[in-house]
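Chain IDs A, B, C and D follow the sequence of writing; residue 1 opens each chain.
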Amino acid sequence: MITQVGHDPLDIALAVCAMWLVLAAASLALSHRPRALRALFVGGAAGSFLFAAAGLLALFAPATHTTLPLGLPQLAFHLRLDALAAVFAILFGFTALAISLYTAGYLRHEQTARIARMAGQYHLLLAAIGLVLLADDAYVFLIAWETMAWSSYLLIISDDHMVLARRAGLLYLITEHMGAIALMLAFGILQAGTHAGLAGYAFGVMRETTLPPALASVVFALGLFGFGAKAGFLPLHAWLPEAHPVAPSPVSALLSGVLLKLGIYGILLFTLELLHAPLWWWGVLMLVLGLVTALFGAIYSAAQNDMKRLLSYSSIENIGLILAGIGLTVLFQAYHMAALATLALMATLYQTLNHAVFKSLLFLGTGSVLHATGERNLGKLGGLIHRMPWVAALLLIGSFAAAGVPPFNGFVSEWLLLQSFLGATSFPQPYLNMAVPLGAAAVVLVAGLAAYVMVKFYGITFLGQPREAALKNAHDAGFGERIALLLLAGGCLFLGLFPAWTVDLFRPAAAQLIDPGAARDTLEGHVLFCRLHAATHADYGPLIVLGALALVSAALVLILRRLAPAPLRRVAPWNGGHDTRTARMQDTAEGFGQPIRQVFAPFFRMQIQRPAPAETAPVYASRVEDPLWYALYLPITRSVCRMSEWVALLRRRRIAIYLLYAFVTLIILLVLAP
Amino acid sequence: MPLFAQITNLLAALFLLVAFAMLAQRRIVHLINLYALQGGILALSIVAVGYGTHQESLYLSAALNGLLKVIVIPLILYRLVRRLGLAWNRENLLRVPTLLLVGLVLNIFAFDVALPIAHLAGTINRDTFGIALASVLLSLLMMIVRTTALTQVLGFLSLENGLIFAATSVTYGMPMMVELGIALDVIVGVFILGVFFFHIREEFDSLDLHRFDRHEE
Amino acid sequence: MTSRALILQCLQCALVFAGAPLLAGWVEQCRAWFGNRHGAGPLQPYRVLRKLWRKELVVAHAASWVFRTAPYLLVAAMIIAGSIVPLLAPIVPLAPAADAIALVGVFAFARMVSALAAMDIGTGFGSMGARREMLIGFLAEPALLMVLFTPALISHSTSLAVIVRQLTTTRLFLYPSMAFAASAYVMVLLAENARIPVDNPDTHLELTMIHGALHLEYAGRHLALMEWAGAIKLATYMAIGIALFLPWGMSATGSASGIALATGLLAVKMTAAGTALAAIETLLAKLRLFRVPEFLGTAFMVAVLGILVHFLLGT
Amino acid sequence: MIILSILFMPLAGAFVLGLYGHRPWAFAANIGFSAATAVATAVMTARVLAHGPFLALHDQAFVDPFNVFLVDLTAFVTLTTAVFSRAYMHIESHMGRLTAGRLRLYHSMFQLFALTMLVALLTNNIGILWVAMEGATLSTTLLVSLYRTPASLEAAWKYFILCGVGIALALFGTIMLYFSAHALIGGQASLLWTDLDRVRTRLDPTIVGVAFAFLLLGYGTKVGLVPVHNWLPDAHAEGPTPISAVLSGLLLNVALYAVVRFQVLADGSLRDRWPNQLMMAFGLLSVLVAAFSLARQRDIKRLLSYSSIEHMGLATFAFGMGGPIAIFAALLHMTVHSLTKSSLFFSGGHIAQKTGTQRIDQIQGLLGRNPAMGWAFMLGTLAILGTPPFGVFTSEFLILTVAIHKEPWALPFLAVGLGVAFAALFGRMQAMVFGETRVPKAPAPTSLWPSFLHLALVLTLGLAIPPALSRWYTAAARLLGH
């Protein structure tokens, strides 16, 4: 425990935000010096480190706040760094540290103008994210939130010559803006409830006020929509698989690793902090929505053939799990089951942190693959483990983590989540008792699918034989990128092996949002294992599992060396006697996804192109489309178009008609005049 | 009722009649004549009001209006018509009876709106307010149904007549400065329109408004 | 933690490690008998292992370190799993390492390792086997978890040791929900261990095999390890089933006599379970691959019914 | 005196440039006269800051917190537009689109237009206000048709007729107001706003109700309120860009200013919320219709003009809601909209000039060749769409805040309007700014710094409102709200 702090963590964090802004401005000045521009990213990384450190300091100190002399006349900028924000500050700082380092290396071969543009936008985005976490009134929050949206939009369309990038960027920004409007309304209603005028926009005042349930539900719904647009759960997910593939890989990592999490932060802020008395059905709604999203994401990611699309659907899946966790937390909280609420909250936060780390790792890894091969399509990769040993080894860790198997980090949060599901059996409503535990099955199904997806992702990219001749020239990641990947893989291992220590990071947040006593007692543990005292009792000791794995395998190796010292001989693969000289004998990405498409066929909107029997160069292709796109997005677009057509009918090409409008309006006004 | 008030009411009725006539008139030259007539009636009614209320400034106003609307503007318009070769052009007006019927309905509506207001008025010739409103609405209607630029402008000018009529007969005149300003605007407007017509004809070969509605979205 | 517990733990590890092939052999022997064949005897797996041991280690050119480390990791993972399940007494020092959920996780880890290893060479069979294996995995896991939830709800813990202690130390009590759980568990066991009707352990025929395809490129001691890991997995699943559904006879205190009795009883239970497995396999026919989801879906439904029954009838 | 000097500068400018507007130095002289006007307004502002509001010229002119900042804004935007116009019109005359005579006309009318707007703002006499508004229409009619193309003639014609009719209706309203006040005040003073304001509670509600209908519809035509907005897109699209900038940035504001002045009187007289409801209805309708119209525009300046309709609708709605915060927000909205929209017209004008087309689908990849132009346009679009940290966000935020308190029924409409407008306008902008570069290299230097200057001001207003400005807004809100 840190006792004496030299500086207020909030000041440090603010200074870092200011520094990022300065770096963004500096990119304008240095726009012709590529080395200096890349050095900016190292500076940004240092800032990220400080930000994470500030978060860590803030965890163990009482929340600090301050105001800046900016903003509206009766509403100066309120800033605050509390325990919840601190958790996300650590997440953000750590992830951004790795991503900044990675980017410094990644941009080595880019054009100077592009580096300059990215450097400016990237650091602006970092500053905006930092400010979102520090914001303590709705005005600052919205400013930071929207600045974050459009600066990330600019990053997404860095390759603006691609039509797809522009389309994706537009979809993203429009979704975000709709969300922001909803948030503005939600904050407005919250503020109206405080009866404090503009000053009611300060979160501090909102925390003191309790809204009547009906209004609170409206706020909740608007907030869920607004933050959902950012986090990307159903049906607001459509921008995710479009934007991630076209964005530069570090940006995808930042999007998936941090930006989605801020949606989660917002939902936590709304449901547990600003609206204090959650209603039980909010929890159920989020739980169902979360599980549906998770299943959707998992199924769809299994059907993808593009590395980054696959990963982005996997992000949807993880966001779904996180949302389910929040749903459980709120459900427990609504029934005042503090211990279980704490458990579910910790599962949520754990999952959030995990996903940030491993998904950034995976996206950065795909970035390196993309750099080395110029290929995003899984069907044209393969065998990269020989060419890119570093990336392959580190991404293996990431894949295991994403698949949620012990002793890696993905499993810890899954375990906590399942345990909280298991506790969901003593609600006053019997049907909740019966229905909620079934959610656990969905979680496990999702985890199983995630493992499937990760085997597909890793196996097809890195294992097997190269599917294209050009892959033979692939090179491993450079130094900066390697450091970043190492950092994130280390993060995965740490989070996986030391759950008890990680959980300590969440205690202050749980104490802030739920109950200090429960936060202290629900989970305990030490370096070897962590122990649960909620409705169920259980232990999990990943370090023991890993130790045993290592010990037994080492012993086996030694014993077998001694007992069966047969020499190793390299031969051509056997393959049941079939020819293996061509890499085309391997499963394609589509082939690997086939069982999923078969099993979940009703969920897909599929187009399959089957070769004719006599074709000499047979091509099999399948395209999986999002049914929600057709069920929701296109109809909305169409109805807007129709509306605007109707409105366009008002333009009649005749002055006489326009005069008639004026005339009729006048008559109407005169009729209506009092 | 004093005599001048009776005269004002009579002039108001004539004013309205001319407005109806303009609505139904097809030939441009006749339209201009009617406009001049309306201007004359307007000037006379201002004189009557000035006489009845002993406001000398209204005589000036009457002179100004008379000069402008009986002489200057009609002259300009005649010249324009001649130079544009429109003198005997006639417009295709659809269903004059229908139009007049609509005008009648408008009239009733205007009187209905004006009634409560007229009751409150302290001035003597309060009933003219309804007539002013009616003639404004009729002029608007005329602008809507006309298809050439020149006739539309005539509708506009007649609308302006109605306004001045309202200003003088109902309220015994606006302050002089305002009246002067209004007059200035009207005369500048007419000049600009004159310039305009030539450009429009140059570009479109016609003053028919249907021709130039194609640049829209 | 007493030294007795430690001894017990070591004993259990050894028992699982060494005894697993025997169980596999016994099942094969029973199948042979049911199929009117003589069979090679329950010790046959040991002979196979010894033969593979001595053979030259042949590895494909394209194989990377993933391929070569996988067998060791698999055996290690299975041994860990086997040592956590209470076998003779509900005293397991290693229990804090993993509860029932983590146990499922360990199996998932092993599955992923074997699937990745199979894809490493880049042959058609390898990746086909990998995807089928993963398919069965994600279908079976929810069912397995629902099975485990029933006893976990009864005993308010997911720790296997706690569950077993709860089930053995209270006086004999029949939980109707457990009957559902047990039948679902059997179905999951069949799927997870590549038995008929989901997979045929005897064949390497490409159209039918799932599990076998994963081993296709392995030879020598690697193959031996893979086979051994499979045997341990089967034994562990049997042990879990016995611990959850037939825990009676375990020694509550871990005394020497109790352990001896428990060992004897375990041998009887295992023999019976092996025979039953062989009988099931003989009676059923192999399903088409895309019927497997239905099969496992049934298992899931049955397990969920078990939970609902638990809520309905209470404990 | 100071007011006379403010009015004298543009008047002198109109005369001088009417004679010499085609000379090479006329471009600079145009800036000079505008700058002189701006200096004079600054002096007046200083006086207001020091001594408070005052009446002048026998009560015919007045300065109060409401119009003082609009006067400043008008002078400032006129000045920056003159600066922009220097570069822009230079290129235009180089390209042979303007003869000497037309250049003279342009410069002269530019100053005259500035004069009419200043008169409209500063006058206390609602009759003079009407005359000035009509003058503004006349002077800009000639500017809209400056190029004498069929489209511009058509636009000017529409502008003239529709605004002429509108303003005629406003005159009728003015006359009725005069009529109703005549009995109470009598004589010339019945047209003075300050006097009308004094007796506003005693004005006859029946007359004022009808009068307000006429006034709202009349001046609303010039504000661009739906359904009497139809002149606006054409006039903006076909005139020279500097004129579009001042039309959108200033004329609409001045017209709205007039509406609000009358709303204050109507409020006092009617004492029910009829004027407010009317303004809210017109405002909302404008927001919605403009938002949905945006989706179908293919011309860059037309696009911007529909956005103007939307924003004026929003400001009208805010004035309609009433109350200190809403009026504060509406005033702020007028300010930031004026700055942002003129900035957008500056950059948009240069874009159209460089690419030789105003059609959106023929413009692509601005960022590649002319990054400054691309960024100016993109940031301007973001700003106008209410994206923080730009000032438009602040005013929209406040408007929504008040709407939540007072008029929750309007929220869905506002949300839909803002959302659709965002999607439509941003989509168009993106298509122009990003993508493969198709834009030829700039033929002549551009003057984008007015554009960036405006954006910087808007950005500052989004982050913090200077105390002096905030005091003005508050004082104006108090004045209008009583």
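Heads up, the rule we're going with is that a residue touches a chain if its C-beta (ideal position, glycine included) is under 8 Å from a C-beta of that chain, and two chains touch if they have at least 3 such contacts.
Only a predicted model underlies this, so the values are computations on that prediction, with no experimental measurement involved.
Undergrad: Set subunit A aside and report the joined-up groups of chains, separated by bars, or one piece if nothing splits.
TA: Without subunit A in the graph, we get B, D | C.
Undergrad: Which chain has its C-alpha centre closest to the mean of all protein C-alpha atoms shown?
TA: A
Undergrad: Just curious, how far off is subunit B from subunit A if you go by their C-alpha centres, in Å?
TA: From the centre of subunit A to the centre of subunit B is 70 Å.
Undergrad: Per the centroid of Cα atoms for each chain, what is the distance between subunit C and subunit D, given in Å?
TA: Distance between chain centres, rounded to whole Å: 78 Å.
Undergrad: Between subunit B and subunit D, what is the separation of their C-alpha centroids in Å?
TA: 31
Undergrad: I'd like the Å distance between the centres of subunit A and subunit C, where a centre is the mean of that chain's Cα atoms.
TA: 36
Undergrad: Which residues of subunit A are in contact with two or more other chains?
TA: 648, 651, 655, 659, 662, 666, 670, 673
Undergrad: Which subunit D residues sit where two or more other chains touch them?
TA: Within subunit D, residues 157, 161, 165, 169, 206, 210, 296 contact more than one other chain.
Undergrad: Would you pick out the residues of subunit C that each touch at least 2 other chains?
TA: Touching at least two other chains: none.
Undergrad: Tell me, which pairs of chains are in touch?
TA: By the stated definition, chains touch in these pairs: A-B, A-C, A-D, B-D.
Undergrad: Could you please specify the touching residues of subunit B with respect to subunit D in the complex?
TA: Those residues of subunit B that touch subunit D are 113, 116-117, 120-122, 133, 136, 140, 143, 149, 152, 156, 159-160, 163, 166-167, 170-172, 174-175, 177-178, 181-182, 184-185, 188-189, 192-193, 196, 199-200, 203-204, 212-213, 215-217.
Undergrad: For subunit C, which residues count as touching subunit A in their complex?
TA: Touch list, subunit C to subunit A: 53-62, 64, 66, 69, 72-73, 75-77, 79-80, 83, 94-99, 101-102, 104-106, 108-109, 111-112, 115-116, 119-128, 130-132, 134-135, 137-143, 145-146, 149, 152-153, 156-159, 162, 204, 206, 216-217, 220-221, 225, 289-290, 293, 300, 304, 307-308, 311.
Undergrad: Would you tell me which residues of subunit D are touching subunit A in their complex?
TA: 157-158, 161-162, 165-166, 169, 205-206, 209-210, 212-214, 216-217, 221, 227-228, 230-231, 270, 272, 274, 278, 289, 292-296, 325, 365, 367, 382, 385, 387-389, 393-394, 397-398, 400-401, 403-405, 411, 415, 418-420, 422-424, 426-427, 430-431, 434-436, 462-465, 467, 470, 474
Undergrad: Quick check: in the complex, which residue numbers of subunit D touch subunit B?
TA: Within the complex, subunit D contacts subunit B at residues 125, 127-128, 130-131, 134-135, 138, 141-142, 145, 148-151, 153-157, 160-161, 164-165, 168-169, 171-172, 175-176, 178-179, 182-183, 188, 191, 204, 206-207, 210, 233-234, 296-299, 302.
Undergrad: Quick check: in the complex, which residue numbers of subunit B touch subunit A?
TA: 109, 113, 137, 140-141, 143-147, 152, 209-210, 213-214, 216-217
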